[in-house]
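Okay, so chain A shows up in both of these, paired with chain B first and chain C after.
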Partner chain A sequence: MRKRVLPGFGLSLGYAVAYLGLVVLLPLAALAWKASGIGLEGLVRLLSAPRTLAALRLSVGGAVVAALVNVVIGLLVGWVLVRYRFPGRRLFDALVDLPFALPTAVAGIALTTLYAPNGWLGRWLEPLGIKVAYTPLGVFVAMVFVGFPFVVRTLQPVLSSLERDVEEAAESLGAQRWQTFFRVILPMLAPTLLTGFALALARAVGEYGSVIFIAGNIPMRSEIAPLLIVQKLEQFDYAGAAALGVAMLLLSFGLLVLVSLLQRWSQRWAERSA
Partner chain B sequence: MSAPLRSRPVAWPRRVVHAVLILLALVFLTLFLLLPLATVFVEALRQGLGPYLEAIKEPEALSAIRLTLLVAVIAVPMNLVFGIAAAWAMTRFEFRGKALLGAFIDLPFSVSPVVSGLVYVLLFGARGWFGPWLDSHGIKIIFAVPGLVLATMFVTLPFVARELIPLMQAQGSEEEEAARVLGASGWQLFFRVTLPNIRWALLYGVLLCNARAMGEFGAVSVVSGHIRGLTTTMPLEVEMRYNEYEYVGAFAVASLLALLALVTLAVKTLLEWRYGDEIAAHAPGGH
Partner chain C sequence: MKKSMLVWFAAASMLWSVIVSAADVSLLNVSYDPTRELYRQVNAAFAAQWKAQHGDSVNVRMSHGGSGKQARSVVEGLPADVVTLALAYDIDAIADRGLLAKDWQKKLPNNATPYTSTIVFLVRKGNPKGIKDWADLVRPGIQVVTPNPKSSGGARWNFLAAWGYALKQPGGSEATARAYVKELYKHVPVLDTGARGATNTFVQRGVGDVLIAWENEALLAKRQLGGDTFEIVVPSITIVAEPPVAVVDSNVDKHGTRAVAQAYVEFLYSPQGQEIAAKNFYRPRSADVAARYASQFPATHTFTLGELFGDWRQVQAKFFNDGAIFDQLGPGS
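== the complex of A and B ==
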């Protein structure tokens, strides 16, 4: 261990831990404590209720699919922004962060207006039989929107530092461009894509503001889990709300652990094949 | 350029593939990002500039703007100080539990906004841990301004710390140690050596923190109680107007938040262009 020449260890660590404890850990302890008040039987009844299951399925399932779609689109957009030069590239690059910067409620009402049957996009989709606003598809669209920047932004630094000589070697050995992409580039990007996937997933699972407007919130159909928490709170069912909150936290942590395991595995695999 | 020694046939000229990929990406970005942004301003100005300005000048809108600024003015500096303290402790010293501290700092990003608000209701609400005590002392936190501030602090806690930690890690502490050896006091060292080194990253973190603080919806909506003119921040005012079918009014307030987002993006991009090296290894996405 390095000798401590610099001052302020006690003050900075003490302040950081105390602040974190008061703002984050104490409130989360209250959540766990309140949730335990529901009892095991109550928990089973809550989590096995069809309406809860439907909401959890939509929040988790929708988030997984949205994150997968974001991996594909993020790969395309990240690739185009890093590898190609075209007019307006920097402007579009800056635009990628819009979903981070735009408040969720604003995104929510804008997406709803856009995809409503008489909206700019909705009026073209409606005749095709595609209903987006007030359906589970709308939930999915909002989830793709909020998760979009994650994959692009994780990918960009890695893409621009990717050694071109590997690609050139593959091509000089006679590989087609698409072979180089799928056999050489994609495996090298896999760990990064998984990081982006995990970030987009974590964001979408708990997303509320941008989703509730476009969802229509029809019970059993387009109702997300966070909305169920809000409803329980409005009925003063604190224990039920807390239990659902804990369930959501555990679910998203479980998913994140799963992704990080996948990531470790793909990293080892990429290193071995490199 | 290398000599054209290609022996294999090139079925698709590369330029065509590039053009198609670029076109696809731009069409997506336009339809998916630019169009929602445009919608906000078009809907806000649907009935012309007069009704737009009228909607913004209503007392509820003005009080929502004031409240949003108030919440950000408290929450952002709190997380600024925390971010500096946490980054200083984590990058300048070795101690047990450092990784755990880092994980806890990131925790708010993986908690649903609704849960971030819920936890404070469980602590300070009428039936929460401290509810009865607060009630008997006449202190209101939930359905009042302190609750809004706390929920915002929770949600935006990681921003500054996350920006500073990788940068200060990369910069190392040689300069600070040299200043120390030359006899600088702790605060002299911080203000003369550390702060100038991290100022752009700090500004970057504050910028993102502020954008989220002013735009937060889920967490704030749970603790607000939606009392018009008293506990509705701008995003909540947008929601209430929208739900009451006051579309021009809703989009008018939303357009102010969209402008804030655009300014944030512009300043962020400018910082990245000019001081990219000094912001350095910022966490991808940064939320």
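== the complex of A and C ==
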């Protein structure tokens, strides 16, 4: 039998399971246990309340749209950074990580300062009738900001390993530019784009720190789901807060499952077109 | 190499023991957000007094944050000897978990509130919108900044001040109060999660025509930003906001700090403690000190929570719990 890099299957599996259990499953179990205090009837009432639904719609809907935007812009930025050589490229490349590195509260305050009616950008947008800070649009802007690096960073290694000769082959066989892009490049990138999408989405759905400053927090309009959880905690309603947490978790989990199904399908698509 | 590490370790532990023996007693005061400046001065003055009387040094450590969050931390095990929070409901919540006696508010004078504040308006320089009283806040085109009562203690005082104003008008009733407050919150473009956040939105972001705020917060903002950017408007009638203090029984018994913790909260009522409170823009209970700071605190008609609403448990259930009046008045109800 070939020697494995890590010692012993049993030992490494045991370690992996114990670690996962301690770091991931235990807190989740505690959450579910706390949530069970609310009862089925309470859960249904909580989740069917118009205010809960509106907050979930903003958090999940905003995150989906933000992740989609990030996929498009992220692909463009990743492509430029990998394919082209230009002065300042490394600096731009480093800038991509900034939303990772910035404490979320700092990001939120910076965005709010920028987009507030008296901010650098806000003061020009306001006369045009575009309000960003304290509206759902602001929530979306913050979500785009925090999710952006995920798409670029997942895409970059795949983009740089992409063989240029495939494109040349397509071209020499008479493909138009758009055909090369949509029929050759995109299928190869699709699984990675979906991973980036999923990561950006997961980050944005639960984002509190950076969103809370720019969201107006007006019920039914600009109130995000994590804020509802915080409000429940303020009332010492631990069960309600945990139940809402579990609901968000399940929703995100469902979305991630959907993404991974799409991913499998896109892999087959890539294999077929290859 | 090893030896030098050992030496360092020995030196460090010696230094540590010196520090520990020098600070004979250590107290933890868990407080809310705008009291940072106040307690920095209180702690220094109290430590000096305790040292003079007992010869021991007291080191009072502070923890600041939103009042509700702070109460939750204490419930979940933050070893607070003393809590000084924004409203009694948060200390009630700690009492509910058995960390202190349910009748904690009777153990100190004045509802266990050594200093009070009130709710006032902060408007932009020159008061361009001519805001004088609560009625002006619901005029068309006026934007009001106040935090969310669901997540902020200060915002609950704001809400109750507005409600009380409407109730006290000629012909005022529950129904007119409800209508007024509903209209008021329609004029709010941003519901920040905390009082400091709302102050920032109004002051730094330039949002809104008027900020409803703690008087101490408004005076502090005015002092820090210079008097020529904002003005304070005291409405015709407002609430006496009572941020209470308490000794956390089960924690002081565990730490053996009951005597010093008790002396600490009583110090807040002493002439010196009252003076410090007044300097930090809290209205002192002592008539003596209040008289000397009268110019800072304009007289106005006030009502207390007890007079109009009962206790905080009732208020919380009636107005702020899920599905209660605040939720009913909001959009989406």
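The working rule: the second predicted complex is superposed on the first by the 248 of 274 C-alpha atoms of A that agree within 3 Å, B and C clash if a C-alpha of one lies under 4 Å from a C-alpha of the other, contacts with A are read in each partner's own complex, and residues count from 1 in each chain.
Basically, a contact is a pair of C-beta atoms (placed from the backbone, for glycine too) under 8 Å apart; a residue touches a chain by one contact, two chains touch by 3 or more.
For clarity, every value in this text was computed on a predicted model and none was experimentally measured.
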Which superposed partner A:P219 touches (first chain B, second chain C, both, neither): second
Touching partner for A:G240 - first (chain B), second (chain C), both, neither: second
Residue contacts with chain A in the superposition, chain B compared against chain C: B
Partner chain(s) touched by A:L162 [first = chain B, second = chain C, both, neither]: neither
Which superposed partner A:V230 touches (first chain B, second chain C, both, neither): both
Partner chain(s) touched by A:I185 [first = chain B, second = chain C, both, neither]: neither
Partner chain(s) touched by A:L125 [first = chain B, second = chain C, both, neither]: neither
Touching partner for A:R51 - first (chain B), second (chain C), both, neither: second
Touching partner for A:T113 - first (chain B), second (chain C), both, neither: both
Partner chain(s) touched by A:P99 [first = chain B, second = chain C, both, neither]: first
Footprint overlap on chain A, comparing chain B with chain C: 113, 119, 213, 227, 230, 233, 236
Of all residues in chain C, those that touch chain A in their complex: 66, 68-69, 72, 75, 93, 148, 150-151, 188-193, 197, 201, 204-207, 316, 320-322, 327, 330-332
In the complex with chain C, residue positions of chain A that touch it: 50-51, 54, 112-113, 116-119, 133-134, 212-213, 216-221, 227, 230-237, 240
Partner chain B, residues of chain A touching it in the complex: 1-2, 4-9, 11-13, 15-17, 19-20, 23-28, 30-31, 33-34, 73, 76-77, 79-81, 84, 86, 88, 90, 92-107, 109-111, 113-114, 119-121, 144-145, 148-150, 153-154, 156-157, 174, 176-177, 195-196, 199, 202-203, 205-209, 213, 225-227, 229-230, 233, 236, 238, 241-242, 245, 248-249, 252-253, 256
Residues of chain B defined as touching chain A within the complex: 8, 14, 17-18, 21-22, 24-26, 28-29, 31-37, 39-40, 43, 78, 81-82, 84-86, 88-90, 92-95, 101, 104-105, 107-115, 118-123, 125, 127-129, 150, 153-154, 157, 173, 176-177, 180-181, 186, 189-190, 208, 211, 214-218, 221-222, 234-236, 238-239, 242, 247, 250-251, 254, 257-258, 260-262, 264-266, 268-269, 284-287
